[in-house]
Amino acid sequence: MKKHLVLALVALVAAVVLVPAAPAAEKPPIKIGFIAPKTGNFAQFGLDMLNGFKLYLSEIDYMIAGRKVELIEEDEGATPANAVTKARKLIEHDKVQLMGGLLMAAAAYAVAPVVQEAGVPLVITVAASDDLTQRKASKYLARVSLTGGEHGHVAGDYAYRKLGWRKVAVIAMDYGWGHEVTGGFQRVFEELGGQVIQKIWTPVITTDFGPYVASLKPEADGILDVVTGAASIRLIGELRKAGVLDKKKVLAAGTATDETLLTALGDTALGVLTFLPWSQALDTPENKRFVERIKQVTKKDYVGFSGAINYGAAMWIAEAIRQVGGDVENKEKFFQTLRATEIKSSPRGPIKIDKYGHIIQNIYIRRVDKVGNLYQNTVIETYPSVSQFWKYNPEEYLKQPIYSRDNPPCRHC
Amino acid sequence: MTGHAGDGGATPAVQCEGVTRWFGGLEAVSQVSLSLAAGERRAIIGPNGAGKTTLFRLISGEMPVTAGRVRLFGRDITTTPCHRRTQLGLGRTFQITNLFPTLSVLDNLVLAALGLGRTKFSMLRPLWTYPEPRARALETLDTVGLADKRDAIVRTLSHGEQRQIEMALALLTCPRVLLLDEPTAGLSPAESALMTRAIQQLDRSITILLIEHDMDVVFDIVSRITVLHLGRFFAEGSPAEVRQDPRVQEIYFGAGEVTAC
Amino acid sequence: MDVAATRAPMRLVTGLAVALVILAGLAPVLPSYVVILMTEGLIYAIAAASLDLLLGFAGLASLGHSAFFAVGAYTTAILVTRHQASFGAALAASIVLAAVASAAIAILVLRATGIYFMMITLAVSLCAWGLAYRWVSLTGGDTGIVGIPRPRVPWVGLASGTLSFYYTVLALFVVCLALYLLLIWSPFGKTLVGIRDSESRMRVLGYNVFLHKAVALVVAGAFAGLAGSLYAYYNGFVGPSAVDLAHSMQFVLMVIVGGPGTLVGPLIGAFAITFLEKMVSVFTERWVMVLAAAYVVTALWAPRGMLGLLRAAR
Amino acid sequence: MEFWVNQTFNGVSYAALLFLLGGGLTLIFGVMKIVNIAHGSFYLVGGYLGVALVAATGNFYLALLGAALAVAAGGVILERVFLRAVEGDDLRQMLLTMGIALFFQDACLLVWGGDPFNLRGPAYFAQSVKLGGFTFPILRLFMIAAAGVLFVVLWWFQEKTRAGAMVRAAIDNAEMTEALGINVPILKMAVFGLGAFLAGVAGVVGSAFMGIYPGLDFEILPYAFVVVIVGGMGSLSGAFVAALVLGLLDNFGKALFPEISYFTLFAPMAIVLAFRPTGLFGRA
């Protein structure tokens, strides 16, 4: 027994020692580290991230600018501490030239300084917290996913101008994403003349939304819903059962009706409006091609948002590497190029990066519809090339504190 | 109800006044009063469920009384915590052997020797560098005749040896009053005789309160007996008086429960 | 002074010294990821051993130990990022605050014993998590506190490299280990074992059992605070996951897997679980399965933990 | 008025779920004196099996029964094969149940993937009944009924039957029970199976109510613990009262003071424990 344990440990250590000693080719491969959750609550999300990212790499045969690409996947696990340890491993042990992935905002915040210190470019492909590319922006960091604030801005504008709402009740998860979407929404919506009359913050783990739904103010014209993941099924189900969805429109942050949830949501979500930089139903040739290809990998009818944006991330990274002729060893040049790289068309539309490192992309307003036997997020409106600063001056914008529970304060509650 | 023993002038070593203990709706000990003069040796007898062990627990402070008062050498200790009562000179053994089973015999005794000093809070010096508790432990080990077992783990000892250590632990706390809860429980007749002699030979200044079912042991050791029945004081007197009391015989001897087990 | 009594301790010290020399000597030639994990292993070893004082020695199976670990971690994070505290000051403050928190909790939890003690400490753990999560102005909420730089160590300078930080942690580990050994050999350490074996007997021997348990909780809390402080430096950030139930459970598992009541066992357990999680996950995403199997196997066939197995093999 | 009726109803239905979760755990606690970390896994497996059986049979009640029985059988096997081997050592038991919990966590991820499922109940679950001007969703009514029926049956079993008396005796004093000639090993196996059965029922009912997804096992475990701790370990009535109190407190806490949402469950627990370390109905 003891011998086996010792042997197993020795074998593990030996494997780690020996793997990098493999014979080096003339042009060593470009090493990309990728951190995504493979276990725990977000395992499926992480798997989808990897599916999307790897789909693009396999389409180009893992070759960019004549160099082989080696993708080293690490499990983000359930805690940010895990992600930091894995980031250190990728930097110090595998000596990756670029790091991608990261789902949890806390993990991204924790990993960013480590990567920055080592001078390795980090491309965040999911984590959405505003400040990663705002008040805590760092030189080697770029993000090709989304932020809460930018989505809130769009939603605020849409709610006031297109939906004609004047009074809104918000029900949002009590963490960064919820605070930032709500904050962005409230700022734009109230500057246009609307009023946020109620903000309900729900704990991340909420088993029963009944009490919250029952206490929504009836005078609200509509509801802003910033609840994601499996909890979204409960909230939307509860909104439906309580009759709220029959009387009012619900505008939800996009992942609330992510394609991966549509089966579970079923008819309850019909008519819910959401905003996100992508939809499986987005009617462009690039997207149709992508959806078809990824379905062959996943064997599922529904394609998750995280797969799509990670496919785009891989496209964008590969394009940057091509532009430096595969010379990723020249870190400064590589990173400057990375930030200047533009893609005219990807499954979600064009991609470019602002000078703070965040993506500028289209944001779509979608509606949950049923087409045949399947549900979809039908795109009904496009906000093209949205900046994380909306229409504000970035410098002015950054002087204000980050959106939080109490910023902007609820003046009309 | 109150049984006065000894002379009225000196302060009693132990005095219980109307001691009562409830368990839920059940009155385990009810209005028991007794008084022991210093140096007296007294037995408490009574059939199962008489509340003997519970009374011990109330005197030693392992359990709070529901009503009544307990005094030790005149001092009211009714609300004094158990460990303080030990420091005031109250020692106790348990009916069901209660030792430190995973420790060696010596460590058991050393722990007992440490109980009253300040050394027990020392954290940064190994125990073996303190000669005094060790010496006392070894001395006691010799008296109970277990010197050759000093490094044995207590769990591995025979029942008889464990009963001896039970007694040794109590003695190491330098008691002025000693509560012995069936010291011969489970012992062979030979072991029982040895134990009885050991108790007889204890310093005469130690006041002893003894629970015992073995009447031979009781007669060898004590001069007075208190009888409890169903949690209440029932009778008191010299061993001969109690033995001849027909009421006691009825509840106790008559039932034929008492044998030298 | 009893010479015979020192024989087993001296053997233990010799064994540990050899292990420490190996840990120190091997680091420069090992891959950096292994050294990183060894650093983490050492930090968890300090924490697991402190829990062993409670769980293994005093018989207090606390499911809330991560609370004190987290007090240390948050204290360091706050002092370093907001007040530019030095390494020594951060460590000292973390230890003191964790000890104070421990003393406060002791009053609440020590009313319960056995499985009830487990449950009430579990409640402490849940409440502590809620506090870390909700007290945003102090703890930074769900994102926690980031940007804790590596410490500036006297005589060494900035311990920013993997190796220099490893040796810093190793040095503190050696200090802790020495203190742990003194503690378990001391009269006080013996009283804890006595309490584990029989509280009622300890009471009638004149021990204030509550006080001894409380002191044990405070001491263990202080060490956990130290480990937490190092953990903050190690990760560069602290978040609510440092306080959650899973983390508390992890400490308990390290102690049980290693062998409770042995001090050395939890050190082994801390290393084993750290490497199992972080090393196996490099090779397979089914590492949770491997961990599960390891727990089941240990529970069924290693009643005294891994240390027990090693001893049996000898 | 509508607010109070609605919220009380919500609170009671939430309490029903809490009782289903905690009831099984409290029985296992009481009789076996173990911290069963795998209780959340029973819930999870029950939920997933329920989803699969609804898909296969199309009948919710069949799925409910089938899934719960399967989980109960699994519990019995686990008790016999694993827990029996480490009896009397609560730390090893905890380690073992932790291992089992991790195993099921990963196995479920492997088998069912990570996307959330919603268990489809009968069509009328999505409807409501109107009574005196108030609306009551049928799913919530069903939860209350399920918990109520199970409580009454279990209470009757425990208080009025011989087997139940044995369970009560085992909760109070296992050694004495053994001495009375009751086959304690069989009893423990049965109780563990019963506890697993309840968790399985909770899993199916819960999945119809709030969906099912990986990680839910460890998300709901604290809730089960809270019910057991507040109610007192081993007390079925305690679990019932605790679930009701906590369900209502949680519901009104969230509705009236959303700021304290995090503490509506844990704060009452801390307060109860501070005054009664053995819980409301627990015996030391």
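Each chain carries a letter (A, B, C and D) given by its place in the written order, and its residues are counted from 1.
The working rule: contacts are C-beta pairs under 8 Å (C-beta built on N, C-alpha and C of every residue); 3 or more make two chains touch, one makes a residue touch a chain.
All values reported here derive from a predicted model rather than from experimental measurement.
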By mean Cα position, the chain sitting nearest the middle: C
Farthest-lying chain, centroid of Cα atoms versus that of chain A: B
Centre-to-centre distance between chain C and chain B (centres being mean Cα positions), rounded to whole Å: 42
Gap in Å, rounded to a whole number, between the CA centres of chain D and chain C: 33
Chain centre separation (chain A, chain C; CA means) in Å: 36
Between chain A and chain B, centroid-to-centroid distance (C-alpha), Å: 72
Junction residues of chain C - those touching two or more other chains: 246, 288
Per-residue overlap in chain D, given as positions that touch at least 2 other chains: 106, 262
Arrangement of touching chains [line / ring / star / complete / other]: other
In contact (per the touch rule at the top): chain pairs: A-C, A-D, B-C, C-D
Interface residues, chain C side, partner chain B - complex: 1-2, 5-6, 9, 179, 182-183, 185-191, 193-194, 196-198, 200-209, 212, 215, 219
Contacting residues of chain D [partner chain A, same complex]: 3, 6-7, 10-11, 13-14, 17, 106, 109, 113-118, 120, 126, 128, 135, 137, 139-140, 209-216, 219-220, 223, 250-252, 254-256, 258-259, 261-262
Chain D-touching residues of chain A, taken from the complex the two chains share: 39-45, 47, 174, 200-203, 205-208, 210-212, 214-215, 229-230, 233-234, 237, 240-243, 260-261, 263-266, 268
Residue ranges of chain D touching chain C (in the complex, touch as defined): 29, 33, 35, 37, 82, 85-86, 89-96, 98-103, 105-107, 110, 218, 222, 225-226, 228-229, 233, 262-263, 266-267, 269-270, 273-274, 277-278, 282, 284
Residues of chain C defined as touching chain A within the complex: 30-34, 36-37, 40, 136, 141-144, 146-147, 160, 162, 231, 235-237, 239, 241-242, 246-247, 272, 275, 277-283, 285, 287-288, 301-302, 306, 309-310, 313
